[in-house]
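There are two complexes below, and they share chain A, which is joined by chain B in the first and by chain C in the second.
For the complex of A and B:
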């Protein structure tokens, strides 16, 4: 019995060590962000003097070269439509794949699923040229279009799996009563799949908000840069200004952390749901 | 009957977006990789040329050390990062299951997962900084001389690879945690009655039952390691002197620094060939299962 208690205790200890290892970098970032640079230059873990200040946050928010205030607004302008559009477009198509019968369906579905593995580098050069021809390069709308297309394969896959678990009887009954496909989808199916839609929305929002590469290629005017693009610009000229830089990373992480805090259940469900059935 | 004719409308928006902004660019990139900068068709000449560049593969590295070239660096990332991610992910999931406060710790670990990777790169740079970072701080505590580990060719890539465990192990942990919950406790009770030891239960029951999860974790980590970009961009920009350069970053340099879309297309195609080979079995299986 004592041996059992000892194992349990050592397991608890191990668990807390893991937690500690994972929180230390965040703790360091937090400490560096609320203290003046002079105080932390020999390690943020030294507390001989400790003068918490919000100066770094204000500095990052109103940074002369790359103000994050502007970046956060720009990021929202991309992330919100970049979540809603693909969700809607992919959900409709996913319903079609789950319920309609037509030739080549399996191949079409398989092709779309395979698009999930394409690296972003594979579209970089042509997408820049396309957007330039469309006059959409360096506009949030152009980036929203690319993110929408990029999000479709996995949302479609995820939603299709979800639709095929729904009982078909309700839909059939509605059809017998003369409801059209569109009415069945919008009035009966869509209300039943709100949890799955929230899961997809959470993942897609995180993905678009956190994206750096596509933004790097398509947005280049200083006042249009997204939040993630401004992070490298906060480094400072001659030495790294760790206070402003770490404060900036915290500001940019606010959106994903808030979403995660309130919708953790959906996030994990989405993550687990589409990779393992 | 009219009803049926309207059905394609369900697919049109998705297919148009995919065709214009994913499929066409992919085909176009493949095509570009076969063209010379002047626009002549040169078949595989670009591949031969790009793959013999020192920034892609640098055989001199094997005598003198880093850099070895982006392609080799990505392979190193795979060889070191992939097995560690799978094992640590599983270990964390097993240790944190049923521990007091386990869900709190899981949430903390999971924070790494929702961190934008560009921020992840900055945090790694911060952790490895010679004066302010915790890792050189520990080195000093142990009596060594602290360096900014990401600023030296010998340690830059390895610090990023090991540091990125902190960013990506959470993914394995979450999937394995979910997988562990699906194993019914009767299985263990039955094994216990048969007198199985905890260790043999793990290797005979837990691990085999988690095989589908392991497959997903391995595939996704493979893809993550091949596509790695933001972390390197933010932490080292591939430096010093290319010592931590990776394929995705080299593609970016070719395309948007040297304005050589053909070489960039070659790197992108190599990358896609690798990701497709790795991911195809899993994707095809899960699409079939979904039927």
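For the complex of A and C:
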């Protein structure tokens, strides 16, 4: 009995330690963002004086060289369509893979899964050339296209697996009730897989929002830069303004956190698998 | 309301033949049961009528129309599934109204039909609930309601009661039969449960390995099974089968099972002619073997002394698991029997009701 309690205690302690180690960098960023530069210059963990302020946030938001306000709007312009488009396309394709019979289905699916393993760095140059030929370099649309292409395979994989867990009789019942294939998909199947759709949406949104690499390749006009691209520019010219830099980081982090917070209950359901019998 | 006609229908999945050359007429307003063990092709047959499986060969008619290439939505059928298949994101009302909405019925008509069906099924108070808030029996009713509101030509039911507990199943069995009387619609009902088949249908179709074995009214099939499979499948406990030889001695007919022999009624002469002195399968239902103590004036040439291995009291009767020589069989006798485990007891074979089957073809000798 005592031994059991001891094991539980040490397990809890370990979890706490890992949790703390995990959160310390974030705590540093947060502390730096809400205090004036003078207070944190010798370390954010020193609290001889503590003057909370929002000045850093305002500074980052209206930064003269790289205003985050514009960056956030630009990011949203990419992240929202960059989430919706692949989700829509991949969900329809995934349903086809899950429910319809067609030749070469397995091979096609395997190809898609295999191509998911290609690292982004490998396709950087080809992507740039394709986009240049299409005249889509330095446009949000081009970036949306690339993110959609990058998102479709994994969403397809995820959604197809989810579809195959749904009881097919529900779809058959709808068919007998008088629904066409499209109606079955949009009125019966899609509402049944809202958790999976939301999970995919949250992950894809975070991915697109946090992306730095593809944006770096494709967007370069100062006024078109995305939020993630602007953070390095917040450093300042002659000295690093840690306060503004960290405040900018937190502002940019806020979007995916909010998305997750709002959709969390669906997200968890989708990950666990949600089948109503 | 319509008749359904299957004309030499075959269904193949790759090399597997699920339904083999089935020809079957389901009359208008008939309650027809497809019964058989799993994998016998009964569900596939139903799904072909529904349009959920394509027909490999042959034709299916609903009314006078060949429906082979008509999608399910245009066949004017309704189907009830084993796992209910309710739409989880819609409440009960919308589950039932969905098919009518798709067919663009006026709102008032939809409302009227849904409420009527709900009243018939006693689920008026559940209309606002989601399927996950319902018990199994309630979901079953909603699934039925969804079919009823459509007022289709044909109802298709695929093992609709097998997910219910035993007590509810018995109750729903009676309600379904009642519902059929009320709706006066053609129903095709699939089950693996021979009790459901016996109690509910106007006619039964027994299937095995993709072949239709026998079609007939429940008692007709029970009393006159065409072959060993049907005889063994319909009836519970199942019919006893014993290897035996037919003998003719002094103008009498006997079934000789080596360790015992019983006399057949003289009416059998007409049918067993060519089987005399040959091996046959002797079939007798458990209720046609009685405890001698309760058969006054039992003819001695039908009495067999058997070792009783196990007695199973069922309340209203007792099942005796008996052995004579190499033969084991079950007798269903009066509850007052004095037979005990391990004792030996005299049983009477009611050979008027005995069944004889050809050993090679397994077909009934009639």
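We take it that the second predicted complex is superposed on the first by the 242 of 277 C-alpha atoms of A that agree within 3 Å, B and C clash if a C-alpha of one lies under 4 Å from a C-alpha of the other, contacts with A are read in each partner's own complex, and residues count from 1 in each chain.
Criterion: contacts are C-beta pairs under 8 Å (C-beta built on N, C-alpha and C of every residue); 3 or more make two chains touch, one makes a residue touch a chain.
Small disclaimer: the values here were computed from a predicted structure and weren't measured.
S.K.: Per the contact definition in the header, classify A:232: touching chain B only (first), chain C only (second), both, or neither.
M.R.: first
S.K.: Is A:113 touching the first partner chain B, the second partner chain C, both, or neither of them?
M.R.: first
S.K.: Is A:186 contacted by the first partner chain B, the second partner chain C, both or neither?
M.R.: The answer is neither, since A:186 touches no partner chain.
S.K.: Scan A:264 for contacts with chain B and chain C and give back first, second, both or neither.
M.R.: It touches chain B, and chain C stays clear.
S.K.: If you stack the two complexes on chain A, which partner ends up touching A:141: first (chain B), second (chain C), both, or neither?
M.R.: A:141 sits against neither chain B nor chain C.
S.K.: In the superposed arrangement, which partner chain does A:125 touch: chain B (first), chain C (second), both, or neither?
M.R.: A:125 sits against chain B, while chain C stays out of touch.
S.K.: Of the partners chain B and chain C, which touch A:176 in the superposed model: first, second, both, neither?
M.R.: Once the two structures are laid over each other on A, A:176 reaches chain C alone.
S.K.: Determine, for the superposed model, which of the two partners chain B and chain C contacts more residues of chain A.
M.R.: Tallying touched residues of chain A, the top partner is B.
S.K.: Go through the superposed model and pick first if A:47 touches only chain B, second if only chain C, both, or neither.
M.R.: Neither chain B nor chain C is touched by A:47.
S.K.: Please identify the positions on chain A that touch both chain B and chain C, taking each partner from its own complex.
M.R.: 180, 276-277
S.K.: Which of the residues in chain A come into contact with chain B in the complex?
M.R.: 11-12, 14-16, 18-19, 21-26, 28-29, 32, 40-45, 86, 89-90, 92-93, 95-96, 100, 102, 106, 109-110, 112-127, 130, 145-146, 148-150, 152-153, 156-157, 160-161, 164, 180-182, 185, 206, 209-210, 212-213, 216-217, 228, 231-232, 240, 242, 245-246, 249, 252-253, 256-257, 259-260, 264, 267-268, 271-272, 275-277
S.K.: In the complex formed with chain A, which residues of chain C make contact?
M.R.: Residues 50-52, 71-73, 75, 77-79, 81-83, 85-89, 98-99, 102-103, 131-132, 146, 150, 156 of chain C touch chain A in their complex.
S.K.: Can you check the complex and tell me which residues of chain A touch chain C?
M.R.: Checking each residue of chain A against chain C gives 167, 169-170, 172-180, 183, 188, 191-192, 194, 276-277.
S.K.: Over in the complex, which chain B residues touch chain A? Could you list them?
M.R.: 3, 6-7, 10-11, 13-15, 17-18, 20-26, 28-29, 32, 92, 95-96, 99-102, 104-105, 107-112, 114-119, 122-123, 126-127, 129, 131-134, 137, 166, 170-171, 174-175, 178-179, 212-213, 216, 220, 223, 226-227, 229-230, 233-234, 247-248, 251-252, 255-256, 261, 264-265, 267-269, 271-272, 275-276, 278-280, 283-284, 286-287, 289-291
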